[in-house]
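A single structure is presented below for examination.
By written order: A, B, C and D. Residues from 1 in each chain.
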Amino acid sequence: MSRRLTAPPDADFDARVRASFAKQGAMATMGATLGQVGPGRVVVLLPHSAQVSQQHGFVHAGMVAAAMDSACGYAASTLMPADAAVLTIEFKLNLLAPARGPLLRCEAEVTKAGRTISVADARCWQPGPDGQPSLVATMTATLMTVTGRDGVRH
Amino acid sequence: MSRRLTAPPDADFDARVRASFAKQGAMATMGATLGQVGPGRVVVLLPHSAQVSQQHGFVHAGMVAAAMDSACGYAASTLMPADAAVLTIEFKLNLLAPARGPLLRCEAEVTKAGRTISVADARCWQPGPDGQPSLVATMTATLMTVTGRDGVRH
Amino acid sequence: MSRRLTAPPDADFDARVRASFAKQGAMATMGATLGQVGPGRVVVLLPHSAQVSQQHGFVHAGMVAAAMDSACGYAASTLMPADAAVLTIEFKLNLLAPARGPLLRCEAEVTKAGRTISVADARCWQPGPDGQPSLVATMTATLMTVTGRDGVRH
Amino acid sequence: MSRRLTAPPDADFDARVRASFAKQGAMATMGATLGQVGPGRVVVLLPHSAQVSQQHGFVHAGMVAAAMDSACGYAASTLMPADAAVLTIEFKLNLLAPARGPLLRCEAEVTKAGRTISVADARCWQPGPDGQPSLVATMTATLMTVTGRDGVRH
């Protein structure tokens, strides 16, 4: 495996991720919350509501993307130095089923943790007709570690 | 060009797009509005606000994606029959600069209008330091025309 | 799971995939061969050679993409009716490490088998320094089932 | 525009690109050749042949991807320092029509030239029924500038 699941460089990654997530106005607006945080893994939860829906009443693809992008970015950040910022360079989302909810569970995992470039993959699940998790969407995100500058240029 | 810029099949596409956009709770939540609507072209406007921001104060990549995805979907829908639903199959977003605002202008254009599958490309602009439009993000979206069934399965 | 791992609709899918692969001049030119074929899963093998290399001597990203795209397309085709053609609508490739070889193993698996649209994910592996498989690249491909027409329009 | 179309940092970029392209065994195997080379723009030509075809006789999507990826990489390299290597981090390809040839013209242009990360977009054209260029495929590629190290890690 090219993934380095060594101990993350910052023992306080959980607190760090939670503090940063709390600053994301977009997540609060959407009603998204942070679930489990582990080294290289983060879960974001997004409940269905009229506020995040599209014209047919399903959760808007962009809202699904936002929750999954946050999960990918924070998953990557758990394996970065404490003073680094994580920047999404690009992501790709495939929508496999209408996002009905009632709760979307976005699970992100780091596929490659590089010095400069990391890649994370995420899957979004909802309860299926049989009560088992049913796949709603998949995402691959490419992220950049930014250190020693303002963290916004790339 | 593989793009068919013949007259759209539904003369009321403008009213149709605006009525559908008004039903997207997600767009209202974000503060996004619909700009120009033309055959194969739609503009969505997204102002910067704390409600759509990430931890550094820029517009969240997912919110940019949501506005651009809506623009792509509606651009494709202008070239579809009036009774068709448009479904986003997948999209890919590249982030080129931090989304500072104050106003993001998401311009989508149909690259290919197919019977079943359409492709739209979008660019998101913000005012640059020189006052000229500066590129924030690009998106390619693949969309499906759904007719004669419930419009949600694919 | 949204993946339907019921029996594939065509019992002869193995023979069908192998006959089709043998007609791909591109795979012969590259030196790629077909590995295991199962319902919803296909492996394509690509040995390193000067003929598929880029300027630094690694396997060209496009050649990796070609082998992975074939694996994804055939994985999807195993779950389709025997008379259907499979069409790649789009794919996205992330390159995680230089493709040194000596043998690239491209494993594709269907993530969603839909009536019209299927999604397959692939991973490309090579031996790592420790002899264990090391990840070279990941791909997500969107494929279309084409029946009752010439199989080339979409 | 976020694209910097200032003079490229290396006046010999044309010779540099051509020398590098000539070292790509994959391009020679495919029969691909280099067309125009300008600052931020590169054209790669790929003739249809049985050697690059898939089972229906069209050019294999992976071969189209390889030619377009080379075009994107070299387009980005024209705006990089002479001693830099360019690395493809990821790309996404949308296939809009079967690649019949007889000649595929892959035009790549840099959308953003960053210090570390660049983005290039490419379009692949073939003659349409009316003799006008008809769009076969579009690609967005993310590339990395690598300097001062071996050019293969990222």
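One rule holds in what follows: contacts are C-beta pairs under 8 Å (C-beta built on N, C-alpha and C of every residue); 3 or more make two chains touch, one makes a residue touch a chain.
No experiment lies behind these values; they were computed from the predicted model shown.
Asker: If you tally the C-beta contacts, which comes out ahead, A-B or A-C?
Answerer: A-B
Asker: State the chain with the largest centre-to-centre distance from chain C, centres being mean CA positions.
Answerer: It is B whose centre lies farthest from that of chain C.
Asker: Which whole number of Å gives the spacing of the CA centres of chain A and chain D?
Answerer: 31
Asker: Return the distance between the CA-based centres of chain A and chain C, expressed in whole Å.
Answerer: Once rounded, the distance between the two centres reads 27 Å.
Asker: Counting in whole Å, what is the centre-to-centre distance of chain A and chain B, each centre being its mean C-alpha position?
Answerer: Computed value for the inter-centroid distance: 22 Å.
Asker: What are the residues of chain D that contact at least two other chains?
Answerer: Only 89-90, 92, 94, 140, 142, 153 qualify.
Asker: Could you please specify the touching residues of chain B with respect to chain C in the complex?
Answerer: Those residues of chain B that touch chain C are 89-90, 92, 114-117, 142, 144, 153-154.
Asker: Would you mind writing out the residues of chain B in touch with chain A in their complex?
Answerer: Its residues touching chain A are 20-21, 23-30, 49-56, 58-63, 65-70, 85, 87-95, 98, 151-153.
Asker: Taking the complex as given, what residues does chain C use to touch chain A?
Answerer: Residue list for chain C touching chain A: 1-3, 92, 94, 96-97, 111-112, 119, 121, 128, 132-135, 138, 140, 142.
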